[in-house]
Amino acid sequence: MSGDTILEVRDLRVSFSLRGRRLTALRGAGLDLRKGETLAVVGESGSGKSVLAKTFLGMLDRNGRVDSGSILFDGKDLARYNKEREWLGIRGKRIAMIFQDPMTALNPLKTVGEQIREAAALHRGLDRVASRAVVLETLSRVGIPEPELRYRQYPHEFSGGMRQRAVIAAAVACRPEILICDEPTTALDVTVQAQILDLIKSLQRELGMTVLFITHDLGVVASVAQRVAVMYSGQVIEEGSVREVFYDPRAPYTWALLASLPQLGVKGEELYSIKGTPPSLFKEVVGDAFAPRNPRALEVDFKHEPPVFPVSDTHWARTWLLDPRAPRIEAPETVRRLRARLARGGAGAAATGGADTGKGGAE
Amino acid sequence: MIRTIPEVPAELFRPAAFDEAAAERTGYARYSYWRSTFRTFLKSPVSIFLLALIVVLTTASFVYPLFAHMDLGAVNLDTETWNLSPNRDHVFGTDGLGRDIWALTWYGTRTSLLLGFVIALLDVGIGMIAGALWGYVRKLDRIMTELYNVLNNIPQTVFLVLLAYIMRPGFWTIVTALCSTGWIGIARFVRNKVITIRDAEYNVASRCLGTPLRRMITKNVLPYLVSILIMEAALTIPYSIGSEVFLGFIGLGLPIDTISLGNLVNQGKNNFMLYPYQLTWPTVILAAITVSFYIVGNRFSDASDPRNHV
Amino acid sequence: MGAYVLKRLGQSLITVSIVVLTVFLLLRLMPKNGYFTREDYVNMDRDARTAYLRNLGVLDDPFTQFGRFLSGLARGDLGRSITVYPRSPVLDVIGEKAPYSLWFGLAALALSMALGLGLGILMARFKDRFPDGAGTVYVTIVRAIPSLIWLFFIQQWVTALLGWPMVFYEDRPVSWVLPTISLALSGIAWYAIWLRRFMVDEENKDYVKFAVSKGLPWKRVMRGHVLRNALVPLVQYFPQQILLTIAGSLLIESIYSIPGMGGLLVSAIRQQDNPLVQALVLLYSVLGVVGVFLGDLLMVLVDPRIKLAESSGKGAAA
């Protein structure tokens, strides 16, 4: 693997026991996170993207466990960590996380300042006065005006956008190397979303963080990330640069995902929607998990799980279509149009691709 | 990331037929609230055992007196049969009038269960109707809240004792006394729930989508209320049976010649120094019934919480 | 703030008035010969009885009587006991008995809080494991089985086992122990079950996950966030619980022969001691509403989201 990989996930299997049944949330997920980049993880609800992120912090619910696989971070395998003491050196200190709903992520009965301070004091070994100064500095860094006043206020006195800023402040106050953002704008007003995305981008630049950005909004992906990993049913099925995945997608699920973007639809035509539902995580998946919903599936997809096929040095996908024996199967019309646009405009099109896929947000 | 490609026969690399129904089938099973509630409830062997125990004890206490033909008023003048220790004929001994404790306990259980059932039914029935009105009719809120405050502030013993005096001690006096304060607690509970459900976003959404009222009540409101009411009923039963024991203790229970668990326990307690065995069987049955209802009520309430459903 | 307090006091006054008036009128439904002690009734002739009743004032119409009660109340005079402690001022009777209930009650409440909150924390901390199971068994026994039964067996068996006195003696502290513990048992169960429930509820909230993700050790999250927040809804009930210790426990005081307030109300009603009943009902309902009011004020202090103007009263039930 390339030397600048900061976090390397291999074949990660995670399952939960739920009232006597086993639910498999990750079925051999793999991922590379490179130092200083923003990697977007996209997928629908239940695809395992949040579970994946939680394993990086050892925060699976009590009934969940890592069955196999590895998460290499700074020469250590986080997948083998099982004691709280081991995690305390990582959590919040080197890898921090911000959550989807800022309205519930803060303790309603403690002041905002105190909730940021408790982590800063712990990780940076500061006393009350010094940690307070750090908090005030962080508050103004994340764009909260009047930090002295805001420090003493309670979460209910903050608006949604301000709360998310406070949550971000708590996460970055300890200068983590990796910041995981779990759908940080989903619960916010559209007008506030862009501000929060800009904040995350500028903080990443200023603090030199690596960002793992979980979202189901492809518009957000284009505007924040350099690379994308697409997840389906507990696996990463395609990973590459934003340009590669958006303009030259290879996995049928990625095709379907892109084809269902309203921005890419043709006026007057019915918008494409993916038929069926994702497989139940209680059942064992045979072959390619997406096969039953894929009108272009091969017979092999129903019998054997596809391995990882490289497309380029930076782009790979898990689909039998990349096997040399596979017949040539055309991507849907909308996806072909994207590819054509790339061919015409070259690199320039990719750079403005973000604007093309739209910021309006699509599910 | 390059890995070896598994051995796969080449002939499989041809397009497969697409079946839209199969695409849907891969997903989650259809969810039914009641099926999930009962499945969750019945998953625990303890719940099944206690529910079975309730059924067995209830049946036994109602069937036994039909076959025993015991003359409860008969006074046995043969002192030889009084206060007998447990023996072959009387497994749990006899009481001060020579009556078999085993038999008496079944009669007593019947009375106490009947009392519990009647009170639970009235409390829950009145509580549900009053609570639903309280929640839906905004004008009633003030009056009902004041009524709640008043009833909550009159010590319950005052009610019990006054009613026991104004009416004559008896089954319906206890029912009246316990229900006159019991319903308001349930009504308040239902009222709070009705208000929460009424204003919940999914109901507002349902209304906007034009869901018929009947469907909204049966699908959106009733499941919440029914599970609460079943639980309340299950918990009211041991409470009522316990209250009868307490009232017997302060001398305001059922008339002394009525056989109930409360009277049996209080008599057994008074004779405990001399004939401790007289307390054994009534206590065992009383504890078994109250504990079973209590646990079943709580388990059912847990099971009816959708958060506990798979 | 001032307006809110005034409004609440006004409401409380209305509630207390209705309670007192209701009980007052109900008492007037009782038969007249209940106002005599047995020997008085036997010793008096018809005229003497009428004179006695007229003297008591129970022959006037109920509203005249109520007016008299109110004017007495305004002068701080609650009347004299009729039958339970003939001719003793009601306030003296209460003043003599209340300290017993109060001291036992406060000791038991302190014990309930210490042990109950401790048990609740253990049950939440080890949810679905042994401490939780054992705690649940305890709570179920105490809450489901009529208290008379276990109170009676505790008295019988523990006194026999330890050779302690069966009843209360004022000068033998060892006889104070068992009533206090008995009195605390249901309080322990109450605190344990509610604290456990609130802690489990809090544990599943997002802010706890966020606190963990910040790198705080689990113990610190439990102490600084979960426990702290779970105690808040319980705070509402503290004042009422403290104030109502004065009412005593009928069962425990009668089992251990403690001369407290527990049985007073029942004997007063049974013997139709109107002034005593009225005074007790007034006392208890005033303490009740004051307790609720103080509880609401306390909530404002511990929960920054609650403002005085809102009505509260959500949360745990008894």
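Per-chain numbering from 1; labels A, B and C assigned in written order.
Note that a residue touches a chain if its C-beta (ideal position, glycine included) is under 8 Å from a C-beta of that chain, and two chains touch if they have at least 3 such contacts.
Model, not experiment: these values are computed from the prediction.
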Distance-to-centre winner among chains (Cα means, whole assembly as reference): B
For the pairs B-C and A-C, output the one whose chains share more C-beta pairs in contact. B-C
Take the average of all CA coordinates in chain A, do the same for chain B, and state the distance between these two points in whole angstrom. 48
Suppose each chain is reduced to the average of its Cα coordinates; what separation in Å results between chain B and chain C? 26
Rounded to the nearest whole Å, what is the centre-to-centre distance of chain A and chain C, using the mean of the C-alpha atoms as each centre? 55
Which part of chain B faces chain A closely enough to touch in the complex? 1-6, 8, 10, 12-16, 18-20, 22-29, 40, 43, 310
Where on chain A does chain C make contact in their complex? 57, 59, 84, 88, 90-93, 96-97, 99, 101, 104-110, 115, 118-119, 122-123, 154, 156, 167, 170-171, 174
Where on chain C does chain A make contact in their complex? 205-207, 209-218, 220, 224-225, 228-229, 232, 302-305
Using the touch rule from the top, collect the residues of chain B that touch chain C in their complex. 146, 149-150, 152-155, 157-158, 161-162, 165-166, 185, 189, 192, 238, 241-242, 245-246, 249-250, 265-266, 269, 272, 283, 286-287, 290-291, 293-295
Write out the stretch or stretches of chain A touching chain B in their complex. 18-21, 30, 275-280, 283, 291-304, 307-308, 310, 316, 320, 323, 325-327, 329
